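In the two complexes below, subunit A is the common chain; its partner is subunit B in one and subunit C in the other.
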Partner chain A sequence: MGVIPWASWYALRRYSAYPLGSMAEAVTNSFFGVVRAAILLALWHARPGLGGYDATDAVTFSFLTQSLIGPVQIFGGMELAQRIRSGDVAIDLHRPVDLQAWWLADDVGRAMSTLVLRGLPPMVVGALLFTVRLPDPGEAAAFAVSVGLAVLLSFALRYLVTLAMFWLHDERGVQAVTLVLSLFFSGMIIPLVAFPETLGDVARALPWSGLIQVPADVFLGHRTGGALLSGLAFQAAWAAGLLVAGRLLTRAATRRLEAQGG
Partner chain B sequence: MVSGTVDGAGASSRAVRAVSTYCLLAWTWIRAAAQYPVSIALLALGTMVTAGLDIIGILVLFSRAPRIAGFTSSEVLLLYGTSALSFATSDILLGTTERLGEHVREGTLDALLVRPVSPLIQIATEDFSPRRFGRLVPPALVLALALPGLPIAWTPGRVAMVPVMVVSGVVIFGGLWVLCAALQFVLLNSQGATKAITYGGAFLTQYPMTLFARDFVRGVTFVVPLAFVNWAPALYVLGRPDPLGLPGWTRFASPVVGAALCAVAAVAWRTGLRHYRSTGS
Partner chain C sequence: MIEMTDVTKTFVLRRRNGRRLRRERTPVRAVDGVTFTVERGEFLGYLGPNGAGKSTTIKMLTGILTPTSGRVRVAGLDPSRARTALARRIGVVFGQRTTLWWDLPLRDSLTLVRRLYRVEERAYRTRLAELTALLELEPFLATPVRQLSLGQRMRGDLAAALLHDPELLVLDEPTIGLDVVSKATVRGFLARLNAERGTTILLTTHDLGDIERLCRRVMIIDRGRPAFDGDLAALRRAAGADRQLIVELAAPSPPVELDGVEVTLVEGPRQTLRLPDGANAASVVAALAARHEVRDIALRETGIEDIVARLYRGDQEISTPVTS
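And then the complex of A and B:
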């Protein structure tokens, strides 16, 4: 198996090293969950059954989005960016491990840590303050697979953005633009089911819907049978395509790299 | 009498010096940021659009229902515009104070303390970047478009109230930034949680309080005075009854609430700084 599982394991331990900090983040996530739930409740009060969701689905969705912020790192960013900026990436490239695989392993560890530390509290708060819909064991298993694919997809997207560092020497601009896309088209701001028809169809075809909307639909039991498979296939296809793009771009980027200093 | 005048002059010259130091340091950071022009342009655009996302969110909501919690879209856009304009301004001026805990952890606060400039100014101007001005654009545009569309009779009092609420909002959010930063002297990891007050407060105040449960509204009125950012004065502008049934003068209390909050924040900051002990190793 080699070193990759260890990279994940150590990332998991590193990101779990400050549980208080993560729990503090979870407080904010839960607070936003409460505010968003109140907003969506008012909308579903005015439009019962909008987009096939009922009020309970809408409330659950609000807390789910907050739970998934950490694992799919919806706000973007990756530690690799600082290493490219400082030139430390030259050391990473000298390692006998593939750059992309190494950082994917790191990201999987990070995602698992935040799923527990930042993912659970908002759902607990939601369940205490509102009526939320909890999945049956089958839906829960499907949800676990969907979240796993969402983490892969999120990594694939952020890795591409990070590689822009090699050309622009500052990734924050590209990141700011992709942040908008990921917040809006993932369903983070407003669930995609509440979008007007055409906009909703466009949003559902874009990769970002695989980060939040698809896992949430699976959790809420709105994707079963064929729809479940097509949802998971959608996430997997985007993840695979973007990971391959990342590989090709890595090759181009390493040819460009000039590490300075001595 | 004489010493009073001298003190007064001393205080005002200190204030002038603080402002000019702030501007000088901010300008230094702007010049540093200008080294990456492509990034600056994209960042300003990105910040602007990210800030605009909240508007899109509101518009998508109202494309599905004409009224939400009894409020129309132009009324909610008034709340959004005033809240976002206040918050963005306070964020430009003081937002980076949330990094205090980072400075304490890394020991870099010590370096700030030996310089002959207030550490608050140094942290507040850190990474000052022109991109942040992008955030002012969406709320300013929304206010310009939404204000004329409001179905109310504009009296001089209502007209005057709009700038007053924006400025009071800046002061209240500014007090909250410093208060949350001061808390990090005691609770190093609290930044993650106090974001609920700053960013959460900014988000919350974009919507009418009629959305929320009564006890929640009491909390954001009496404990963390977010309701005074724009809700209380907006009730006056829109001529609406207060769902909590508070007396009429509370609609004009925002400037006083802001001043009181800043006094509390100043005391908290000084206390925190006085009790700061460097990270030993």
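And then the complex of A and C:
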């Protein structure tokens, strides 16, 4: 067996090394779940059936997407960015392993760790305080696949942003722009079903919708049969395309690598 | 093991120039025409002031930088093309960075490194036992890396770089920041590794104790250009390092007169004499004692620190051509 599964396994352990920190994040995520559920409930009371969701769907959406914050790291960022900035990336490049594959493996481990530590609490809190819709076994299985693809897609997007560090030497600008794009176009702020028609169509075609909106629709049973397959294919296609872009950019980046930090 | 032929690396520095918005692009030659060969089993010290091009040379040797021109071969491979294949055959340690995982115990970092380099389970166990004994890792194998002292971390990094038994070990300032005891452990370990396992070692350092204790061969690079290549004795000769005889006479006297010996300082009864190159100190002392009443004598060699400082400052032209 190659090193890649091991890299994921050790990343899982590494990111699980601080359970107190993860618990604090889970509490925060759950709290904002309540806030968002209250806001969306008000919206759906005013406009029942908006975008094909009922009030229970809207509440479930709030807590579910709070659970996904960790696994798809919706706020962006990657440890690799600091390593490029400090020059520690030289260590990574001295290893007999592909840079992108290595960090993908790391990110998969990170996602699994946060899924367990930060994913469950918001859903539990939601179920205790509100009525939430839970999927049947078939929907749950489809949801698991969709979350897996969302993690890949999230990595592919953040890896591209991170590689920009090789050229920009500072990630804050790109980070700020991509944060807004990812929060808005993923459906994290308002579900994309509630977007006005044209904007909604645009948002649903962009990769960020594959991070939150698609998995949420699968969970809520709004995507079955052909719609389910097209949703998963949409996520997979964006993930594959962006991973290939990341490959090409990696090659360009290592060519231009400068002696940063001596 | 290493062949570098007329290697040059040029970086382009961009900086804003006054009121103009356009950035000025200045090419900087970090490494400028470096040629050297390192045979299997050598222990080479690579010296140079900050910014001389040491790290750039190392990064070209390991393949993470591509030379602008010239030819590099390490273990028969072209490093920038075969970086991953080369990585399996060499070990690299940076004193200022760590390859270990901050949040995991040292032992776990080492097992992950084992997976990275695909070291067989049995070979790994033997190797880890050896390294644990030599580097005294046992007390902190179970400690998370973030809690290790710098000396412990460095020993852990050395172990990680050597698990796959590389033919070549490249060390970039391995003793930086270490206390005297840790330095001694690391140096002793490197000396044994080179002598007993025959591992070729290339080391950059600012600690000349490393060089004196370890390196049979020294290379100096300055402003990207090779400035010296030879052993320590040759470096002393090349730098015109001399020996001084400090004599304390029974009474103050005018400068003593001896053939070929120059008196550089007279302080009352104490005189400092410079011995010419190759002079026999014993016969000078004998001649001196025959003519003067001598109370005390001390012989002083110019330290390596002084020699290198002179070379770096450029006070001293190196008097012999570079050999390679």
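A few comments on the model shown:
What we mean here is this: the second predicted complex is superposed on the first by the 259 of 262 C-alpha atoms of A that agree within 3 Å, B and C clash if a C-alpha of one lies under 4 Å from a C-alpha of the other, contacts with A are read in each partner's own complex, and residues count from 1 in each chain.
Here, a residue touches a chain if its C-beta (ideal position, glycine included) is under 8 Å from a C-beta of that chain, and two chains touch if they have at least 3 such contacts.
This one's a predicted model, so the numbers in the text were calculated from it and none came from an experiment.
With both complexes brought onto subunit A, simultaneous placement of subunit B and subunit C is permitted, the two fitting side by side without a clash. In the superposition on chain A, the chain among subunit B and subunit C reaching more residues of subunit A is B.
When the shared chain is aligned, no partner comes close enough to touch A:160: not subunit B, not subunit C. Of the two partner chains placed by the overlay, neither subunit B nor subunit C lies in contact with A:206.
After overlaying the two complexes on the shared chain, residue contacts for A:17 are found with subunit C alone; subunit B is out of touch.
Of the two partner chains placed by superposition, A:127 touches none, neither subunit B nor subunit C.
Contacts of A:169 after superposition: subunit B is touched, whereas subunit C is not reached. Look at A:39: by the touch rule set out above, it reaches subunit B but stays clear of subunit C.
In the overlay built on the shared chain, the residue A:95 is in contact with subunit C alone; subunit B does not reach it.
When the two complexes are overlaid on their common chain A, residue A:236 makes contact with neither subunit B nor subunit C. An angle of 90 degrees, to the nearest 10, separates subunit B from subunit C at the C-alpha centre of subunit A in the overlay. Taking the two complexes aligned on chain A, the least Cα distance separating subunit B from subunit C is 7 Å.
Across the superposed pair, subunit B and subunit C both touch subunit A at residues 18. Contact residues of subunit A toward subunit C in the complex are 3, 6-7, 10, 13-14, 17-18, 87-88, 90-91, 93-98, 254-255, 257-259, 262. Within the complex, the subunit C residues that touch subunit A are 11, 30, 55-56, 59, 62, 64-66, 83-85, 87-88, 92, 94, 96-99, 101, 103-104, 108, 112, 115-118, 144. Subunit B contributes residues 36, 38-43, 45-47, 49-50, 53-54, 56-57, 60-61, 63-69, 131, 189-193, 195-196, 199-200, 203-204, 207, 211-213, 216 to its touches with subunit A in the complex.
Contacts from subunit A toward subunit B in the complex involve residues 18, 20-28, 30-32, 34-35, 38-39, 41-43, 46-47, 50, 168-170, 172-177, 179-180, 183-184, 189-190, 194-196.
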